[in-house]
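Sharing a structure below in structure tokens format, with a few things to ask.
Note that the chains are named A, B and C in the order they appear, and that numbering of residues resets to 1 at the start of each chain.
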């Protein structure tokens, strides 16, 4: 059964449409990530699910119950915030139990739940401390604990790791994944960090301007982006985009300047007409160099303009069809600036987009 | 290249100890000379009066002697200098020239002072004071200026690269413009705020009446003060007014702020209405409320004309409750400010705290009471100090609303001070009373300053 | 061509049949316009607003009535016959003691005090704040701390020493003496205001200017001043209302013919001799309150910012 259902939800702030008739179903125990640039409405959608914002239209179901008009506390959700939002004047224990006390739960039950949550999160030694005496990672753990003690089926995360430094972020990311495995709760997680999204999610919803662009498994979003925005947003370094035209009938060819790429093996959604202006997208990591390139369906000899060593691998800048083109290679075999090298890739792994609509061809 | 620098450093390295010691003596000499002269002016000369002419010589000559010692130190500094003494290539040439010019000007005013009489008649008293000052101290100050110029010249002869600037340079040449620009602030901080306060406290131990005079009477003024009905009533009024005003303005101010924080429509209109009395002076406030509380025509009159013939509400004419009449006006004037401060504090609270509380299902009043109010503690404390220091000063409001009446029922300390100093020709009583006011503020202020600034050390 | 709508269809999931019918609660939570909470909230706010507005209303109404009407009616009733006579009298004819020039003289005195005081105090304090924020030198903090303490110390402690200082300078009882006093007592709050503001400006700007060879005054006039117009407006608002509303310094440091408006107002209204003319009194009170009220209503948010900046950041 679907755990969280968002049906035709719209939200307007005055004349501004923040969410435009969204539909999402999150399965029981699924980890869904809402991903997008800032201002795309992902946090707004999460607040709507939590009941912190009223929707303008549409419905929200949680565990099969229509909760559109319910108060946040009655929706069966727990939420973790970016700024942790811990109550600064209370101890960690107070933070965990304050909500439960307000539900008038018996004291031993509260103690039991606090104990369990602090065991899971390994914050037992911190229970008597104030939030101000905790590190960022510890605070975030307490914030998760506050959602945990509520004993609910759905967890909502609003950019929970954005305030942490890079190293801690990686650690806590793994911990959240572990937590999900252990609890098997439904989790909806908002972030603008694609690595978090790719690593954590069962499915990702990529959002932009209040619309879900693509809702799919991480791998599918990576390899078959539905439009140019998703293609560009996912992946680092970003996908190469070559502008040109489609030509030919049975196996269309892509023309960009003096370069022609045969699209054999590429699965078109619709065979495009000759002369369609198109954008050809290749991920830098799908480009091969030297001997490996020879085995590829498409090869070309290019001049290396700039080399950016990044440790494990190296990013090389060149030009293809008169346009900027980057590819990634092993640092051991990295080309030098000014060198002429052979590169190649498989058009079947590439993406073609209509130049006008930006939609995948 | 590197070689020459190294040898130069080595050469300089041998000297700084010497240079530092003589430089310290030089500073001590100049400061000592100036301070000694100041001390003589302020009364130290009394000790030498008995010695007759010899005493006069000591009074006049001792500071000069100290300066002469400073001059010797200067010569020692120059003699010990690593890179010799040079004026043309001096880093601090501008400063040296400036101090020399100052010295010359002082000399000119000292010697030619009487020639400036016509200018004085145009420029008025400040100019005359200046000329007289130069006539008396010009020579001495010129010498001081010359010493400073010499010291800076010596310091400026050193290559900046080779040694960190000497003490003298740091004090007198580094960021000199900034220091000069801050002179008004220093004068006010030391001369008015510190000096004035100390002066008043000191003279509260005298029996000054129409004019201040140094006849010491110990704590007699304080004895009289605390034996006087009017002062006791003033203190009682201040306590009642203070406590009520603190409690009510904070409670009402916070409640209003919390209400405005509920995303009400016309928030700006309401805020404008609640705050406008704060723009009005206490005089205007007092006069308006004097009229509104007028027993014949004001609230009491209106209610009586509606049929309740025995309705009585005449705080300004009833000794027992007159201070509450003033309180009403004071709250009307000041609560808007408190509301604004509280509102700013509320707006400063992380939005996500509210969200978290809603998810936890904590009722709004509990969120305010147990989460938001504790988080706003700094705002409350600042507000408290602000109100408290304002309360002690309450003066205009009383003058306008009741003039202290009926009788002396609504007197306050600030009015007591003014009346004693400027109407009652009893200065020392006023000084004693104002010292008590100072004391009461310090009782609030010092713990606060300690909490606010002492704990976290400046950062 | 594919537009965004069909793109949306592609992206969205097919809804399962169980939720197909749009039944049950939908859209925003129903919010009754007149819920108990709203009635209580707006009711309270309105009552308080009326309480705050009442004195202003009474002032205006009273000042427009004739004396006979005041003696008969109540202070809240609007004037039956509107007369501007009280205003004219308050401005030009009302008496303090033997002098019967009305408030006009006090008004012009106040203006003459106000303008140089505002200019001088802000000029001095902004330079102080700038020196404290950007040219920190040893000992500056000590002076600043004393200054801030001075803001809380009761003025009464410093009243008489200042009388002596002004007398020595020959400024006691003159307008310029009062200007000096306002500059001195305006210094703590304004210095704090400017220091905080200049500290909040990016320090790189200051450093860049120094690298470019600008000096103390060069940076102040060419970099800092152009960037700090808003804070100067805030300072002007604070000083204009503060100095206009001052009573204590006016009464201590000036003589009857240089009394500022507030002092003269108090003398007119609270003078014991003669019949009390309440309408004239209220007109005079309104006239005195007019300048700060206009400043307040025109400046709006900046006024609030001024008091918040002055108070909270301390």
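The rule we apply is simple: a contact is a pair of C-beta atoms (placed from the backbone, for glycine too) under 8 Å apart; a residue touches a chain by one contact, two chains touch by 3 or more.
Every value quoted in this text rests on a predicted model; they were computed, and no experiment measured them.
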A-C or B-C - the one linked by more C-beta pairs in contact: B-C
Most central chain, judged by mean C-alpha position against the global CA mean: C
Chain centre separation in whole Å, for subunit B relative to subunit A (CA means): 58
Distance between chain centroids, defined by C-alpha means - subunit B, subunit C (Å): 22
Subunit A and subunit C, separation of their C-alpha mean positions in angstrom: 51
Contacting residues of subunit C [partner subunit A, same complex]: 1-4, 7-8, 10-13, 15-16, 18-19, 22, 24-30
Residues of subunit C touching subunit B in the complex: 41-42, 44-45, 48-49, 51-56, 58-59, 62, 70-71, 74-76, 124, 127-128, 130-132, 135, 137-138, 140-141, 143-147, 149-162, 164-165, 168-171, 184, 187, 191, 215-217, 241, 244-248, 251-252, 262, 265-266, 269-270, 278, 281-282, 285, 288-289, 292-293, 295-297, 300, 303-304, 307-308, 311-312, 314
Subunit B contact footprint on subunit A (complex, rising order): 47, 50-52, 71-74, 77-79, 81-89, 98-99, 102-103, 146, 150, 158
Subunit C-facing residues of subunit B, complex: 124-126, 129, 170, 174-175, 177-179, 181-182, 184-186, 188-197, 199-201, 203, 212, 256, 259-260, 262, 264, 270-284, 287-292, 294, 297-298, 301-302, 305, 332, 336-337, 340-341, 344-345, 379, 382-383, 385-386, 389, 392-393, 395-396, 399-400, 403, 413-414, 417-418, 421-422, 427, 430-431, 433-435, 437-438, 441, 445, 449, 453, 458
Residue ranges of subunit B in contact with subunit A within the complex: 350, 352-353, 355-363, 366, 370-371, 374-375
